[in-house]
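For clarity, chains are labelled A, B and C in written order, and residue numbers in each chain start from 1.
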Amino acid sequence: MNTARGGGSRWGLWLGFGLVTVLLVLMMIQVDRQWQRMAEMTRIMQEQAEDIRRTRGLLRDLEQTLRSGDLRVADASVRASTGVSGLDAFERARRAAARPDYASGDWLMLAFGTGLRTLTPLVSADAYASEVQAYVIESLLTRDPDTLEWRGLVAEDWSISEDGLTITFRLRRDVNFSDGERLTARDLAFTFEFIMNEVIAAPRSRAYLSKIKSVTALDDHTVEFVFAEPYFNSLQLAGTLDILPEHFYRRYLDDPRAFNESRGLLLGSGPYRLADPEGWTPDQGRVELVRNPRYWGPVDPSFDRIVWRVIENDSARLTTFRNQDIDVYGARPREYQRLLDDEGLRERTLNFEYMSPTAGYSYIAWNQQRGDAPTRFADPRVRLAMSHLTDVQRVIEEVLLGYAEPAVSPFSPRSPQHDPSLQSIEYDLERARELLREAGFEDRSGDGVLQGPDGQPFEFEMTFFQDNEDTRRMVLFLRDLYARAGIVMRPRPTEWSVMLENIQRKDFDAITLGWTSGIEIDIFQMFHSSQTLEGGDNFIGYRNPELDRLIDAARAEVDEDKRMMLWQQAERILVADQPYTFLFRRNTLAFVDERIANLENTPLGLNLMSVPVEVYVPAPLQRKR
Amino acid sequence: MTEAHRVQPSRPWSRQVLAALVRRTGARIGLVWISLLVLVATFAPFIANTHPLYMVVNGEGSSPALANLEPIDWIWLAGFFLALILALVPGKPWVRVLAWLSGVGGAAVLAYALVSPPILTVFEQYREMEAAGTIEHIVRTPIPYSAKDYLRDYGDTGIEAPLAASERRHWLGTEENGADVAARMIHASRIALGIGFIATGIALVIGTLIGGMMGYFSGVVDIIGMRLVEIFEAIPTLFLLLTFVAFFGRSIYMMMIIIGITSWSGYARYVRAEFLKLREQDFVQAAVACGLPLPSILFRHMLPNGLAPLLVAASFGVASAILAEATLSFLGLGLVDDPSWGQMLNQAVQSSTFNWWLAVFPGGAIFFTVFAYNLIGEALRDAVDPHTQRTAQGAGR
Amino acid sequence: MLLYLLRRAVLMVPTLFGITLVVFVVMAAAPGGISSQSLVDGMNLEPETRQALEDYYNRLYGLDQPAPVQYVRWLNNISPVGFEREADGTLGAFTLFKGSDLGVSFRYGRPVTDLLAERLPITLLLNLLSIPLIYAVAIAIGVQAARARGGRFDVASNVFLLGLWSVPTMLAGVLFIGFFASEQYWRWFPTAGLVRREAVDQTFLPWLASGTDLLVLFALLGLSTALLVWAAARAPRRARRYGGAALGAALGYLMAADLQGSTPTILHGILGLIGAGVTGAVAGIPSKALRIVLAGGLAIGVGVGLARVSGVEIVHGGYLLDRAWHLVLPVIALSYGGLAFLAKLTRSSLLENLAADYARTARAKGVDEETVLWRHVFRNSLLPLITVSATLLPSLLAGSVIVESIFSIDGMGKLAVEAVQTRDRELVLSVTLISGLLTLAGYLLADIAYAIADPRVSYD
C-alpha cells in the first residue's frame, strides 16, 4: 500500500523515536544513580547525627549526676529508673521508653481538615497551627496528664508571692533551641517584650497577656513575672507562654511586616523542628516536622518525623486512613458507628472515644436585642421555654448517636467550677407551653402557630454554619421539634464570613455555635454586660448586674476555694436565666492505626498528641521509609 | 430559489420539523423520558407524600394531601393541564405559547393569593395516629414519604441502603437525614425541569435581545456587543457560576437567573449572525425600500426562520443548565433542605463511606435527563438541517 | 500576519478588562462583599483587637475605600504601566516600567504570582495529557464511524458517544473513586493527590530486587504484549470476539473474587458477564489501530500481573510510575466528555467531506478509498477540529475545577474554588484573569493553526 519512499521514512521515524526513548531511559537511569548516591549520603549523615545526639545525652546525664553529687554513671538505657530530677514533665515519657517493645523510628502521619494559613507563632490563630507549634515550641510549665497539676518543663521550680502578684521561675540550665543556642531567662523577657510590641500583629496574645505588668530576667536562669492585678489564672498565663528564641525573632522588630505576613517562621526548643525554620509555605499542602537532633530533654521523642497532610474532603481523608497513609482519623458520630461495624478496619486500628476537657460546649444563643428594641427572647420565660423545647437528649441520641453529654452550663462537669447539684433542662412540652402562655404567646388565629402579645406569629431564623453536617442535621431536627409547639423556625445556613459579620452587627434571631473550653474557664467575654458593645463576644445583648458582679469578683479572687464558690453562684444564675440554651459537649471519636503503641486515655484526653511524646511504634511494626 | 421561499411560511415548516423529529428513535426515547419526568414532577405530591390522599378520622373524611398543597404545586398542575388543553386547541404556535405563559402567570398570582397551606407540618402525626388506631380508613400515596419527611418518629435514621430497614420500605434507600431517596428524587425532578427551562429561557431572551441589537444596529454596538460576548465566553462558565453563587447565596430562583445570565453568549452570537445575513437578503432590502420598518422585518422574518436552529441550541442548553445546577449542588453551593439530584450525589461521597445508591440513582437521573435532552437536540438538529435530512432520507430508502 | 496578531492582541485587552470588571462587580455587589471583617476570623477576639486587625487589613489591602477606587487601584497594580505604589498605600509618580503585580492573596498571604506559578503547571499537566489523548482516540473512533457509515459500529458508537457526553463529570468522578479507589470495592488507584509522600524520596524509575527479576518482567511484558497485539491485529474477527469475551469473563471473575472470595456467587456471574460483554465488544471493533492500542494497554497490565504472580519483587515503584498511577483516573474523568464531543465532530466532518465533489473526483480518477480518506478528506476534515480546539481548553479548565476537587489535586481549579469560597479578592481576580488569558490565547492559536492548515485562509 505504501510506496518504497514512504516505507523508508516510516522506518526512519521509528528509528528516531526508538533512539530518543533509549536516550531518555538512559538519562533517567543516570539521574537515579545520582539519587541513590545522595540517599546514601543522607543516611550516613543521619547516622552521624544520631551518634552525636547520643553522645550529647551521655554528657548531659554526666553533668546532671555531677551536679547532684551522685557519681553513679548513668546508662542511657536505665535512665528511666534513675529519676534524677524527680517528678518532672518527662515522667510518663520515661515510663514509655522503659517498656520492653519501645523503639524509636517511623513517622507519625496525621491529617488536617482545612488548609493552614500560617505556622508563625502569635500570628496564627487556628487550632491546627497550635497543634504543630506544640511540638516545636516549649513553655515553662505543662500540665500533668494524670493529676492535672502543673509540672516544670523548661522551669525547674517556681514560687508565687503572698499577694499572688509575683511569680518567679527557676529555669533548667541545659535547655537549648533546635539551632543549638542556649535558652535563657532573657528569651522569656524578650518573648513578652515582643508580644507587647504594637508593631507585631499579635493582638490576641497581647490582650491575653495584658494582665502581666513585666517580665524580668533576674539572671540567666531566673525569671520574674509581675502581674498588675490579682488574676485567678496567673500561673497558667505565665507558665504556658511559648518561649521564642530572641536571636531568631529579634530582627523582626525592625521589619514587623515580614513577621506579620510570614507563613512559616517557627523555631523553638521542642522535640521537633521544621527542617527549614523560615521556609514553610501553606500551599505545599503538608507540614513536616523532623526530629530535633539537638533536643535537650532527657527522653528523646520516638518518631523520626511527624507529617500532617491537608485533606479537606472527609471521604478522601477516610480513604487515606483506610489505605494506611495516615495514622489517625477523627470521625463524626455516624461514621464512627458505621466504621465500628467494619471488620477490616477494626482489625488494624484502635478506636477511642473520650471527653476531652478542652472540647467545648455547643449552644443556641438567643439574640435579646436587635437594633435598640428588645426581642422576644429578652423575656427569660421565653428562653427557658425554648430550652424546655430543645430536646437535647434526643439530639444527642439521634444526631450524635450518644457520643456526647448534655451541657448544663459553660463549666465542664469535671471542673470544680461546676455545681454538681445543677441539672440540665429537661424536654418538657407542657411546661414550655405554660411558660410561653405566661409570656403572652398563644395560638389566637387557630393556624397552629403561636402569636405574641403584639399579634406577630412566633417565627424566627436559626443561623448556623453551613458546612457542618451534624449542625445541619441538628437544626433540621430542632425545626421539627419546635413545630410541635407551634413555633416556626427557619434554618439559615450561612457562610463563615457572613456569619461573623451577622454576629458583629447582631443581625440574627438565634444562632448555634460552640465555645472551646478548659479546666477552668473565664466567662467574662461571653456573659459580662461590658462585652455587649459592638464586636464584643456578648453578642446576644445579655445583661445581668448580679452576674457581672460575680464574674468580676471571681476573676480577682486568688484563693481557689472562694473563687469556685463564686463561679458556682454565677453558674446558678446562668442556668436559671438561660441566656444560651446549652446543648451538649461532644466526645472526641478517633481511630488510630494499630502500629501506634502506648496509647492511653488521660484526664487531658488521648495521649497521642501529648508532648513530651509518649507513643511510639514497636520495631516489628515500623515501616521502612 | 423559489423553492426556498416556498418553505418560508412557518406552520408547514414547524410541522415538518416536528414530524421529522418524531420519526427518529433517539428523539422518541428522549421525548418519552422528558414527558415521564414532566408527569412525575407535576404529580409529585400525589406520588410521594407523607400526607395521605384520603383518610377518615372519627367518621370524618379529609384529604390532607390536597390541604397541604403548596402554591407551587398548584402552579405545576395548572401549567400541566393548560398545556394539555392548548395542545388540543388549534392556533398559531406562538399564540399558544403566549397563552400558556400568561395562563401560568395568572395561576401563579392566584395560587399565591388564595392558597395558604399550614405553615407547620408535623409529618409523623399520621403514622402516630395510625399506630394509635384513630384512623378508620386511609389511602396513601405510592411512596408514603415526603421529600422533607426525616422520619423523626423512628428515632435514629440516617443513610440506609435500599430495603435495609425492616419496618419501612425505602425502594431506593434513605439519605443522610433519613429522608426517602425515591421521594426526594421525585420532588427534585421539579428543580431539574424548572431550572432547565427557566434558565435556558432567560438565556434565550438575553441572547436574542443582545444578539438582535448587535445584528440590527451593527457598527459600534456590534463591536461592543461582541466584546461582551467574548468576555462571557472567556470566563469559564462554571467559575463565573461559582463566583455568583458563593457571593449571592443560594435560592433556586437565584440559581436560575445566574445560570441564565452566564449562558446567553452562544444564542447572541447565533442571532447576530442570522440578522447580519438577513439584512443582506434581497427581499429585506426590497421591503426596506418599500418603507417597511427594519425591526419588524427582522423580527418577523428572522424569528420564524431561525427559531428551529435556536431551539436546537436551546435543547442542548437545557441539558447544560441541568448539569450546571447539579455541579453547583455537588460542590456544596446548592440548596440546603430542598431536594436536588446533585446534592444527593454530593452526599454519596461526603459521608465518608461510598454509598452506591446515593451515587447511582440520582446520578442516573441526571444522566438520563441530560442524555434525553441531548438526544432531542441532536434529532432536532438533523431534522432542521436540510442537508442531513436529505441524506438521512436517502439512507432510509 | 504579524499585523493581524498584533491587532488581535490589542483587542484582547478590553476583553480581559471586561472579564475582571464583571467578576469584581459581582464580588463588590454581593451581600457581605469583600471587607476586612471577613478576613478577621476567629471568634475569641476582644473588640479592640478585632478593630485593630481590621484596620491593619484595611491599610494593607485598601478595603475601606469605595469599590470603584479599589478596582482602579487593582488595575493600576496589575498593569505594567502606571503609578508607583508607595509603602504607605498612596500613589507615587507615573512610570512606564513599574512592572505588574498581581497582589497578595488574603488567605495564603503569599504573592498571587507565586501561587499561580505552583498551581498552574499541575492543571496544565492534566490538560496537556488529556488533549492528545482526546484527539487520538476521537479521531480513531470518528474515522472508523465515518468509514462504515450506517454500519453497526457507526450506530453503536453514535449512541455510546452521545451517552458518554451526557455523563456528568462529577458522576464519573464519584463512581471512579467509589468503586476503583476505595477499600469497599476495588482499591486499584489512589484516591487523592498526585503523588504519595514516599514516592518523593524514591528514584525516578521502578526499582526491582534483582537483575533477573528485571529480565523476567521484561520477558513477560514482551510476551503478553506480542501475543495480545498480534491477536488484536491479525486474528479473525470471530476468534477475537470469543477470545476477548473469555479474557473479559476471567477478569470479571477475578474482580468479583477480590470482593467476595473465589466461591462463585451471583456477583461473579454478573461481573463475568459484564467483563465478557465489554471486552468482547471492544475486541470486535473494526478499527485496527484502536484495537492494537487497547490490547497494548491490557497487555502491560497482564504482564505486570503475571510478573507479580511469578515472584518478581518490586522494591518500590518509583516516582514516575507513582505519578502516572495517580493521574489515570483524573485524566480519564477529564477527557471522556471532550472525547465524545470531538469524535462526533470528526465523524460528521469526515462524512461531509467524503460526500464532497473533490472526493468523488478523486475516486473517479481511480485513487483507492484509503488514500482518498487519508490524503484528501482527512486533511480537510481537520479544520473544524482545529476550530473546536479553541473551545476545548476553556471547557477542560472548567472540567478541572470538578476533577481537581473530587480527586483533591492542588491545581488551579481547586485554587479557584477555594478562592471563591474564602472571598480572596486578589486570587479570584487573578485566577479569572489567567483563565481568561488562556482561553483567548487558545482562540488565537486556533486561528493561527487554521491559517496554517488551510492555505485559503489569510489574515492579512
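Just so it is clear, a contact is a pair of C-beta atoms (placed from the backbone, for glycine too) under 8 Å apart; a residue touches a chain by one contact, two chains touch by 3 or more.
These figures come from a predicted structure and were not determined experimentally.
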Chain pair with more C-beta contacts, A-B versus B-C: B-C
Chain nearest the overall C-alpha centroid of the shown protein atoms: C
Separation of mean Cα positions, subunit C and subunit A [Å, integer]: 38
Subunit B and subunit C: spacing of chain centres that average the CA atoms, whole Å: 29
Distance from subunit B to subunit A - Cα centre to Cα centre, in angstrom: 47
Shared interface positions of subunit C, touching two or more other chains: 31-32, 177, 182, 405, 421, 423
Subunit B, residues touching no fewer than two other chains: 246, 349, 353-354
Of all residues in subunit A, the ones touching two or more other chains: 313, 315, 495
Complex interface listing, subunit B residues touching subunit A: 118-123, 150, 152, 155-159, 176-177, 246, 332, 336-337, 349-354
In the complex, subunit C residues that touch subunit B: 11, 14-16, 18-19, 22-23, 26-27, 29-33, 150, 159, 162-163, 165-171, 174-175, 177-179, 182, 184-185, 355, 394-395, 397-398, 401-402, 405-406, 416-417, 420-421, 423, 428, 431-432, 435-436, 439-440
Residue numbers on subunit B that touch subunit C, as the complex places them: 26, 227-228, 230-240, 242-244, 246-249, 319, 323, 326-327, 330-331, 342, 345, 348-349, 353-354, 356, 359-360, 363, 366-367, 370-371, 374-375, 378, 391, 395
Subunit A - residues contacting subunit C, complex: 1, 25, 28-29, 31-32, 35-36, 39, 109, 115, 117-118, 125-126, 201, 203-204, 206-207, 260-263, 281-283, 285-286, 307, 309, 311-313, 315-316, 319-320, 322-323, 325, 344, 495-498, 500-501, 503-504, 513, 515-516, 525, 531, 533-537, 625
Residues of subunit C defined as touching subunit A within the complex: 31-32, 35, 37-38, 40-53, 56, 104, 107-110, 115, 118-119, 177, 181-183, 187, 190-193, 196-198, 201, 203-205, 320, 370, 405, 408, 410, 418, 421-423
